[in-house]
Each structure stands twice: as structure tokens, then as C-alpha cells.
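Below are two complexes that have subunit A in common, paired first with subunit B and then with subunit C.
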Partner chain A sequence: MKKVLMIALIIAIVAMPIFSAGQAEKVSAQKTVTVFGAFVDEEAHRFEEAIRPFEEKTGIKVIYEGSKDFETLISVRVEGGNAPDIAGLPQPGLMLNFAEKGKLVPIWSSLGALIDKNYAPVWRDLGSYKGTTYGVFHRVNAKSFVWYPKKAWAKAGYTVPKTWDELNRLMDRMVANGHTPWAVGIESGGATGWVGTDWIEDIMLRTAGPEKYDRWVSGELGFNSPEVKAAFEVLGKIWLDPRYVYGGKNYILTTSFGDAQEPLFTNPPKAWMHRQGNFITGFFPEEVQESLEDEVGVFALPAIDVQFGIPVLGGGDQFVVFNDRPEVRQFMEFLATWESGKLWAQAGGALFPYLDQDLRAYPNAIERSLAEALVNAKVFRFDASDLMPAQVGAGTFWSGIVDWVGGKSLDAVLSDIQRSWPK
Partner chain B sequence: MSIKTEQRWLRLVNASLIVLVLLWAIPIIGLFISSLRAKSDVLNSGWWTILYTKSRLTFANYKQVLGGSKYTFVDSAGRTVRASGDNLSRAFINSLTVTIPSVIIPLLIASAAAFGFAWLIFPGRKAFFTAVVAMLVVPLQIALIPILRDYQKIGLTGSYLGIWLAHTGFGLPLGIYLLYNYVSTIPRDIFESAFLDGAKPLVVFARLVLPLSVPAIASLAIFQFLWVWNDLLVALVFLGGTSDVAVLTQRLATMVGSRGQDWHLLTAGAFIVMVIPLIVFFALQRYFVQGLMAGSVKG
Partner chain C sequence: MAEEATSKNRALAHGGLATLGRLAVSIFVPLVTFVVLWGGFIFLKESKAPPALIAIIAIVWGVGGVALLFWVADWTVNRFPPAIAKRLQPFVFVGPALIILAWYLFLPTLRSLYLSFFDAQSRNFVGLANFVYAFTDPKMLESFVNNLLWIILGTGGSVGMGLLIALLADRSRAEKAFKSIIFTPMAISFVGAGVIWRFVYAYKPVGESQIGLLNALLTLFGAEPQAWITLRPWNNIFLIAILVWLQTGYAMVIISAALKGVPSSIIEAGRIDGAGELRVIGSIIIPYIFTTLVTVSTTIIIISLKIFDIVYTMTGGQYGTEVIASMQYKQMFNYYDFGKGSAIAIVLVLAVTPVMWYNLRQFSKQEGF
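Up next is the complex of A and B:
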């Protein structure tokens, strides 16, 4: 009896994969493109919605898979020979890595023409390695924005500052009124400090300009240079002055970046401004999110040196090709057009870099103004810490910010970061 | 020692045990209370504040985890549609599909191998056994890429069979070692009389070894079940994360959102995912305590 049971069990175990393999074959009769990326859950659904017009038009099925452990997994899968057709890489460093190893398919001429037509040149540069383009940007984010509680501002009579001097005067006015200007929090688990590196990058772009910024990213301009030190000092005037920052150093160091916007929405506000990327709206309290336009105002972090205008700092996922097939090419060309972003833009929570995009698609005035700032920015630069070698950009630059806020001297912090730069 | 001091000692031991149990339980209690609180409450104040402030408890987190988060989108025809995202039921089935065979297959192989190593005489027995034990110290992470390459060649990636075999391979060394120690404690006389009666090794294995080692097999089943159920890495590498095959741990990991903005859902998710392992644990618990001592006293 037992033997019969066991044999039945073994047959069942062996039969199951055969059965499921049969199912898999049925699906593969349709042309499919697999896409692997780092965004998950709601954003993954939004992506699937956005590309549905492509599927309907061409009959090609696009299977998206998102993972929180994307960066580890993509390397394992590529090394293991199980690369997806297309991957959305959140960091340019990953693209450079795969391009160097020859794992990527360079873009072809028709896609190149689309990129030249639909994007500002900076996006093509960001997707290129040694003169060959591999990446196509889709959804991007921009970080140089200051958020404020609109109603409370109106009541207190504050207006949006146009220049850095105006910003300073506004901060002093707030202090005189007994208000705390900024809410800052940099805690982010193993990545604690990136909020600070974003601030420094924004200030570098505004004080030293894009050319010096690029040299700083490539390592030609050291962290111990006067330009970088000056940027830290500008930030220090705000962050290290307890009158200007809610909760002082302790709050900065221990508050998670996502929770740091909360003092803006208490009644009365415990803090009056918060600098963060466009994604932060998803962290706002639900009642604020429901009437975003009425509750929240936003302006670009003002210029410091007028000759550089108002630069925008940001980032984005670039899609690269691992397997060259006609349907994969078709999908990549779709991604390079505004049509692939329109539905997502309408749903909200995403910005797109396409030059020919229709700003009216964005659901509210806030996102419209962010997209406008992004498209019209004379200077757009990718997040420096994502471009620097990982030891610095995802290591000592982050921890240096923590040390500096914690009280270590600026010179010591900067020379430590510089020393960690790989030779 | 007088009875009185002995009682006092006993009371002291009990009291300190209670303190320790409470200390261990506090994080779980906190997690449970947090799972019943609204998002804004979780973000603004600690769970212990419910002890002295009035705050509402809600099942909203559980509803969202089980039903999938709600979101709206505009479809290609311009209509606004409200839909719900992935829920956990599919992931539950996927997890069970992965876990059950990944427990049964290594159990069968490990018990047969343990019997062979312990009681059958064949050349190279010691060497093979040493090799199996040596495998215990090899971390599975270093095997991921080579195995993935081989799977890719024979088309096993993304199939359930592939992940069953992977979990079987990763679980076998410990399984064989644990069961070997237990099986070798079965008195020799039992086997001798069975062989004298003309029983073949397979009969001895099925009729004697399996029933006699139920405690050890049950505790190994719990270990293996928990390991496979909680596994994220192996499933992500060999099975992938598309919604038709994603297991519970993957769903939990993605539930917090791309930037971790929905981490409050993890509390409820953790308790939901805990249900099945708890059932397995309590069902097999009476063997577990016996089985923990498997092989500790060698006959």
C-alpha cells in the first residue's frame, strides 16, 4: 500500500513539470519581449499600462519583471546566460560595466535617429560608452525642487524666492516669525547620506557650473578642491545652523528621507520647506496627496550664480538590449517616443524627458511645472554619486556627509573622501 | 539544600525565564500592534503609545496586503479605470508549489542515502560520506551562477522542476548528515533479523527505517520547509519574479514599493506569511523536540 502511494507521488512529481512545460510552449507561440527592471508594485503596473498600446498595435507581448534586488540579480542572470531581452538600469555604472564586457547590443541607426529627434543631447551622452550608444531613457526623475505647504505660506505671506539671496532673506524672515525654514532627514538604511550628496550636487551645479561638475564626477577635480569645499560651506550655512533646520543635527541624522517631509504638514507647520525629488509626493500624507494642488507648492532650488541659470539634477532608468530580435527592436523604438510615456504621465507620479511631449498630459499643475522645468533646463546633470566610482558615490561620499553633519571638521571629511577615490 | 531555599531558587529561575520570554516577545508584539495601526499612526508614533493614548486600530493594512493595493489609471481609450494590484493568493499557491516538492524530494533521497551510508557496505562509503559532509560548508551563493548556466543549457530556468532540484541539492547535505546520525542509532539486531528473514534492502528501508526515523524526518521536514518557504534568493535566480511564478517572499519584498514608501504594509504581510509555517510547525511539533536530539546519543 505504502509503495503504491510512493510510486503515485513520484509520478505526480515527475508529471507536474511536463504539464507546466506544455503550458509554457503554448504562450511562446506569440512573440514576446522580456523586460527586467528595478521598479516594482504600483510603478510596475503603471509601466504595463503605459506600454499596452504597443502590445495592442503590434501583437507583441511584453513581460515585465521587477525586483527590489535588481542590481544583484541582473549581474547573476547575465553571467549565468539568462539575460532578459531588455533591462532598465537605474545606474549608468551598470550600463558601463555591461558595455565594457560586451554584453550589450549597441543601438541601431533608426533608433539613434529617434533619440536625436526626441531627446536633449545629454540623454544620448548618458546612454553611451566610448562613443557607442546603448541606453534609451524612459521615465526620469528630477531632484532640484523645494516643496512647501501652500496654504500655510499664503497665510504667513511668504513668496517663492527667485534668487539665492531671496531664499536667504526668506529664511531669516521665517526665523524672525518663530518658524523653522527647513525639514531635512538623511537616514536611508545602508544608503544613509544620499540626501546630503544630492544637496551638494545641486549646489555644485549652481556655484561651480556644469563643466566643473563634470570634471568633479570624473575625478579630475578633487573633493579637496576649493570648489567642493565652497559647496559644503553653502550647505553648512543652512544645515549646521539650528535656527534653520527643524530638530537640528539629530533630526537630520536620524530621520528617514521619506518621513522628513512630515513637519511641513502639521498644523501649524513645524518646518516650512523641504528639498527633494519629484518622487517625494508619494510619501506625503494621504489627505495631502488627495488635493495635492491645493496643499502643496513647489519651486526649483534658485540659482546661486546667475550665469549657470537654474540647473536640474536628476536621474532615470535607461533601457538596454541584451538579445537582438526584431520584436525587441520594435519595442525599444517605441520606448524612445512620447507615446510610451503618455499614459503613465496621465496617471501621475512620473516625468518624461521627451522634447515633443504634451505637457497637458500631466494630471496636475505641480507635475506639469516639474516636467516643464526638466524639458526647459539649459543644464541637466545626472546624479553625481550615481556616476562616481561606487567606493565614493555609494560609499565615502554618503558616509562623509554623515560624519560632517555629526561634527567632524570639513577639511578632514573632504580629504578622507578624496583618499578613498580609486587610483 | 532545604526545601525552602530550593523553592526560592525555582521561583527565581521562573521569574527570570518570564522576563526573558517577555523580552523576546516584545518585538513580535510591537510588530503585531503596528500591523493593526493606520499608516500615519505608524509613521508618527511608536506602537507602545496605544497603551496610554486613544488610537484606532484597523485592518486596513491586512486588507491592502490580501487584496492588493488600489490604484487608478487611464486606459488607452482615455477612460479612468480603478483596479487593484497583485494580491497574495497567487503567490501563496506559487509558494506551496515550490515548497512541497522541495521538501518531499530531498527527504526521500536523504533518508535513502542515510540508510545506505549507515547500514549498507559498499566500496568508497567513507569517502562519499566525507564528501557529503564537506558539502555542508559550501555556501550556496557561489553555486548560483554555474548552476544557472547549466540550467540555461538544458532549459530548466524558470521551471518549477528547476527550483525543486536546486532546493533539493542545497538541502541534501544537511539532510543526509542529520538522518545518517539518527539511522545509525537504530539497533543492529533489528536489521539482522530482517535480513535473516530474507528481506531485501529496499524492503528494510521502507518497512523499518522510514517508520523508525519519523521523528528525525519530521524535524528535518520542518527545517527544510522553513528554509524553502523563507527563501528569496534561490527563487529569484532560478524561477524569476514575473507575477505568474513569484513566490510570497518576492511579493512581500515588492510590496513596499520602489522606494520603500509603503513599508508599513510589511507588518501585516509578515503575519500573513507566518501562518503556514506556524501550521507546519505545530503539526510536526511533537516530533520536533525528539528530533532535535537526532543523533546526539549514538548507540
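Up next is the complex of A and C:
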């Protein structure tokens, strides 16, 4: 026993200098900022590329970590006292939750001035809780777009509809030609249904207008109100009619949102239109992606009530601060400038909200036109389901869509959703 | 006389001092050990030495530390009078397990119970509101019904199939091969099984090539493909089939072992008395292995009660397939309602406890516990 202890002691004494040398190094260590976010793989890589200029300029190291289970993990980490310096929250509800619990550092005046200068006011509102701003938006997305196979459309003689009536006429013409107008898929694991909530939100903005939309988001306008019911009925005319949707309700329910665009690119197309956000280009078949501008056309979902114009529905990741340090502040101020998005815009697959951005940075005409639509839209609204209480926005609204497509009566679905709204 | 008394007093005082000293040492030594080990842990945690080196030292430090703690505890206990030492000795062995159990299981359960009486942010006391929700909300009621289905069909299916296969295999020459094949799915995790079965149930519209096994078979015979996981209420049964597929092997192996224990003399006697094969199984074999059947059933009932992975990977609780555990997860991690999530967790614990207790009793009856 004594021998063993002796040996252990000797090892400890020998090992001591190695570790203490390491210990000393800590003082002069490089300043680091840890960022935790929801984008992974290629997107994470592009984010890291985009922030490299900051690292080079300031010598501060930014360590980005992404997870597919971000929304679960961030709560666990914050609750467990292991919060990152900065987190990129895809859902404003998460920000409100953390702000309410007092976990977030409010933005400081110099950053506030930057936000006012570089963003439309809507973004500051979206990053605020009870008048205090916490979040800075970086990459954003816009969802009100309809994608179509350009060459096949040209051959069939279809043209882009400017109004909802034109869209309806186009759909009927397609049916008359033996074509199926839409490809829709809402499967998304635990989040199945969100594609449907996006559609409903787009229709709400077009039929009820932005003010009623805001009241709907805040809970003043119930799900059982005539406005919401009307929006579901508009959608039902398309989705629940097997002539208009490829594969009918079974395809809608069981097809993953990423795969849902596939029928557009068969020859001949099995479906002729697909409504989805700008991210969907990343899911297109490789040969389509290679010559995106030649293969794919895109238009904004047309206006229904002309007085509301063509609103844009979207979302985005907002970055919030958990640990207040000078280098963290520096990085946040970087994120509020176009410089932090430029390289990612060039790489493709992302839109940015900065007012002073250079649209020429986007790699193709499609993304350029999307970014233009986003920056110029008179009405921009955040994805309602991301703003509503999670029980509804990430719960009953999604499952309500699934139940409704599955055949449950609209009134029952809407009153189910309304009942789940937390009092 | 007086002198004797003083010396006795002195001896007593001496003895008292010695006991005190011994007590002090027996508190002091483990304390110092703990502080040293903890210090080392903090030192390693803060160190910026190469990670691989830290990892190796940490393993040595951790394992050695545990051994040292045990050795010190043992040494301390042995410094007590033998009668006390004998009483304390078991705790040296079982103590760490008890502490870990208390820390990771008992305390969290208590905390969940506490949280279940508060609102979503754990701020305001709401009384039994969360439990009222747990027993009245339509989604929760749906979960209870589904869980009941899981218990009845999942357990019945697994044990029934396990028994049948064990009986048949017992009479077959290729027993080992059959049993190995049936047992194989046991090696697959629930999540893995969910992913595999997604392909079995996969749906493509008419006219496309069916990548799902079931629909491929259907279309082969000219029938229309079905979106299996959306077909209420049958989709619950399709999900339960996965559990049966996974657990039949377990039931079969245990039952098969019990079958080997049925004395052939009783069976022979039954046959001589003119009992047919079914009569032998029903009146001799099943009563003989009944406790085993109960043990296997209760184990699978517990698994069915807390079923989560299969539902989560296959449907996410959509299409009317919600179960208690998936509701708990949603309330906790999707809706951030710690009150409701905790209340559902407590309900689940309460539901599992009696089965667990019965299960352990069965085990101890079999002297396996």
C-alpha cells in the first residue's frame, strides 16, 4: 500500500509542473466568445465563414456550436447555469421566455443605435420584450414564395399569376390539361404541421390584413373568429381538393417538407407549383440546383385582398446575450452590420434584412429577387406560430392542421386550438 | 479507596478523550481525503494542459479517488468498536449507490412533485390545477387510452408471441436458430426500430414506386397503397407492433428458460393419464411457469407505460397516437410548461410504481432479487 501511495505521490509531483504550466497560460489566453445556434452542417460552416472577418480584425475567437436539438438543449443549458455567451434563437418565443426569466442581457445604447440604423423598425420590435430590446437579427428567411419548373411552364404556356383570381384560373387550366397544380408535404417529425401554419399565416395576411394578424398573434382575435375560419376555408379549397394537390391528403400528411418539392422536377412534372420559403432551394435535386436560374422560377404568393398588397411572411434567427463581456459586445455589434452577412449571402442560401445591404452580393437572380422582395415589402410579418405561446404555435396549431387535413371538422379543430390558448 | 476512585476517574477521562480523539480522526481523515480529491478535480477542470493528458489523468484520478474513498471509509469504520463497525460496514458498500440514487433519482422526483404544484415558470402556486389538466385535457385522455392500448396489446402481444414461440421452439430441432432470429431485434434500440419501421410503413402515392414494405406488398396484389401511420385508430396498433417485434425475443428467452425447468416427469404423467398436447400446455406447463409469465408481463407493462421513443420517432404524437410520456416531453421541452410537464411525470411515476413494486416482489419470490 505504502509503495503504491509513494508512486502516486511521485507521479503527482512530476505531473504538477505540466499542469501548472497550462494553468499559467490561461491568463494570457485568447479572448473567446461562445455561440450556440440551431444551424448545423453546411449552414454552420457558412456562418463560420461569414464571421471570419471579425475574428481576423479583432483577434477574438468565436466558437460556434450548432445542434439539431437546439430548442431543447438551450433551455437545459440555461436552466443548468451553463449558458453560452450568445445564442441564436430561431423562435422569438424562446427569447420572450428567457427575457421574462431575466436570463438575458439587454442591448446597450451603441448596439441599439446600430439596429435603428441598419434594420427596418419591425426587426427591433421582434427582438424586444416589454419595451426592452434583447435580440439582434442576422440571417432571416422569407416564406411567401411559389416555386415552379420554369422550362415545363414555358412549354405548357403557363404564366405567373398576378392576383388570386388568376391563380385560381391557372389551377383550373392545369387541371383541365391533366396536370396537378400543387405539391404539398407537411411531415416534419415532432414539428409536423408547420408547413400548413405557414400557409394559413400567408392567407391571413392577405385576407384579414396585418393589423388583424397582429391581434390574432397576441390572442385578441381567437382561432374561432370568422377571419381565421375564412383563411382555413381559402386553404381548404386548394388542399382538400384532390384535383389540386398531388397525392391528396395522404401525400400532404406523410411527405416530409423537404421532399415535397420532388414532383416538380420529374419529367413531365407530377405537380406544377410549390409554396415554400427561400431555404427550399437547398432541397431541390442537385442538377436543378446547378442551373437554378434556368430550371426554377419563383413568384410571390399573389394578393387576395388588394388593399393589403403582397405582404411577406418570414422568420429569422435572433442573437441574444447571456454573458456580458466586452468581446461579446464587440461580436454582437458586428452581427448588426451587413459585413457579417455578406460572405454568407455570396455563398448562397441565406437572406439578410440589413437596409444598407448590397443586393449584388447574392449569387443568383432568384436569391437577389427574394432579398429585394424582403427589403422592399411594405408589410413584413414574423411567422405567427413562432410568436404565439408555444402550446399553440408549436403545439395545437400544428396538430390542428394535421387533424384538419386528416378529416376532422374545421369548427372542432379551431375550437380545440382556441381552448389550448393559455389564459 | 480514594486513590482507586481517582485512578478510575482518570481512566474514564482518558477513555473519553480517546473516544473523542478517535471520533475526530474518523471525521477528519475522510474529510481531508474528500477535499484533496475535490481539489484535484477542480485543478484538472481548470487546467489548460493537452486534453488527452487531462483525460487520462482524470480517469486515474477518478477511479483511484473512488477506490481511495472506499479504502478511507473502510478504515474509518474499522476504528469504531467492533459492534458498531459491523453495523456500519454495509453502508460503506451500499452507501455510494444510495447517495447516487438519492441525488439522481429521489431528489429529482421530489423536485418534480414540487414543481407540479406551480405554474409554467414555476413562480406561482396553482394547487392541483396541473393535475386537473392531466386528467381532463382531451389530449391527455387520448394518451391514457393509447397507453392502455399499449399495455394490453403490447404486453399481450409480446408475452403471447414469446410463449408461443418458446413452446414451438422447444419442440423443434432448430431451436437455437429460431430463437436467435427472434431474439435479434432485442439488440436494436427503440429509436433505431422506429427508423427501420418508418420504411416498413412508408407511403408513396399511387403510380410511384413504393419504398415501404407493406405498401409494396399491397400494390403487388393490386390494392391501393395506404398511409399507415395516419390511419386512426389503427395506427396505434401499427406502432404497438414495433414494441411486440422488439420485446417478443425477451419474453421468449425468459419463458423458454422456465420451460426447461418444467420436470418432464409431470408432463409424462399427464400424457399417460391421457392429456392431449393442449391440455398438457394449459393444465401443466402454464401453471408451472406462471410466476415467470407474471414477471415478464410486468416488465413489459412498465416498458409500455413509459413508451416514448417509438411514438416520437414514428409520429411525434400526431394522428391521435399521443402517449403520456410524449405529452410530458412536449409540455416540458416544447411548451416550456414546467408545471404541467412535472405533473404528467408524477402521474406516470404513480402509474409505474405499483407495477414496479409487484414486479420486484415477483423477482424476490424467485430469489432473483
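Structure notes:
FYI, the second predicted complex is superposed on the first by the 396 of 423 C-alpha atoms of A that agree within 3 Å, B and C clash if a C-alpha of one lies under 4 Å from a C-alpha of the other, contacts with A are read in each partner's own complex, and residues count from 1 in each chain.
Here is the rule we go by: a contact is a pair of C-beta atoms (placed from the backbone, for glycine too) under 8 Å apart; a residue touches a chain by one contact, two chains touch by 3 or more.
Note that the coordinates shown come from a computational prediction; the quantities given were computed from them, not determined experimentally.
By the touch criterion defined above, A:R46 reaches subunit B but does not reach subunit C. By the touch criterion defined above, A:S409 reaches neither subunit B nor subunit C.
When the two complexes are overlaid, the chain among subunit B and subunit C that reaches more residues of subunit A is B. In the superposition on chain A, A:P422 makes contact with subunit C only, not with subunit B. In the superposition on chain A, A:G258 contacts subunit B only, with no contact to subunit C. When the two complexes are overlaid on their common chain A, residue A:T163 makes contact with neither subunit B nor subunit C.
In the superposed model, A:E100 lies in contact with subunit C only, and not with subunit B. In the three-chain superposition model, subunit A touches both subunit B and subunit C at residues 21.
Of all residues in subunit C, only 43-44, 46-49, 53, 57, 64, 120-121, 138, 202-206, 226-227, 229-230, 232, 312-313, 315-319, 330, 333-337 touch subunit A in the complex they form. Within the complex, the subunit B residues that touch subunit A are 39-40, 43-44, 69, 71-76, 83, 85, 101, 104-105, 108, 144-145, 147-149, 151-153, 157-161, 164, 206, 232-233, 236-237, 240-242, 250, 253-262. On the subunit A side of its complex with subunit C, the touching residues are 8, 15, 18-19, 21-23, 25-26, 29, 71-72, 75, 97, 100-101, 189-193, 246-248, 250-251, 253-254, 389-391, 394-395, 399, 402, 406, 416, 422. Against subunit B, the residues of subunit A that register as touching in their complex are 2-3, 6, 9, 13, 16-17, 20-21, 24, 38-46, 49, 52-53, 56, 63-69, 73, 76-77, 79-82, 258-259, 262, 279, 282-283, 285-286, 343, 346-347.
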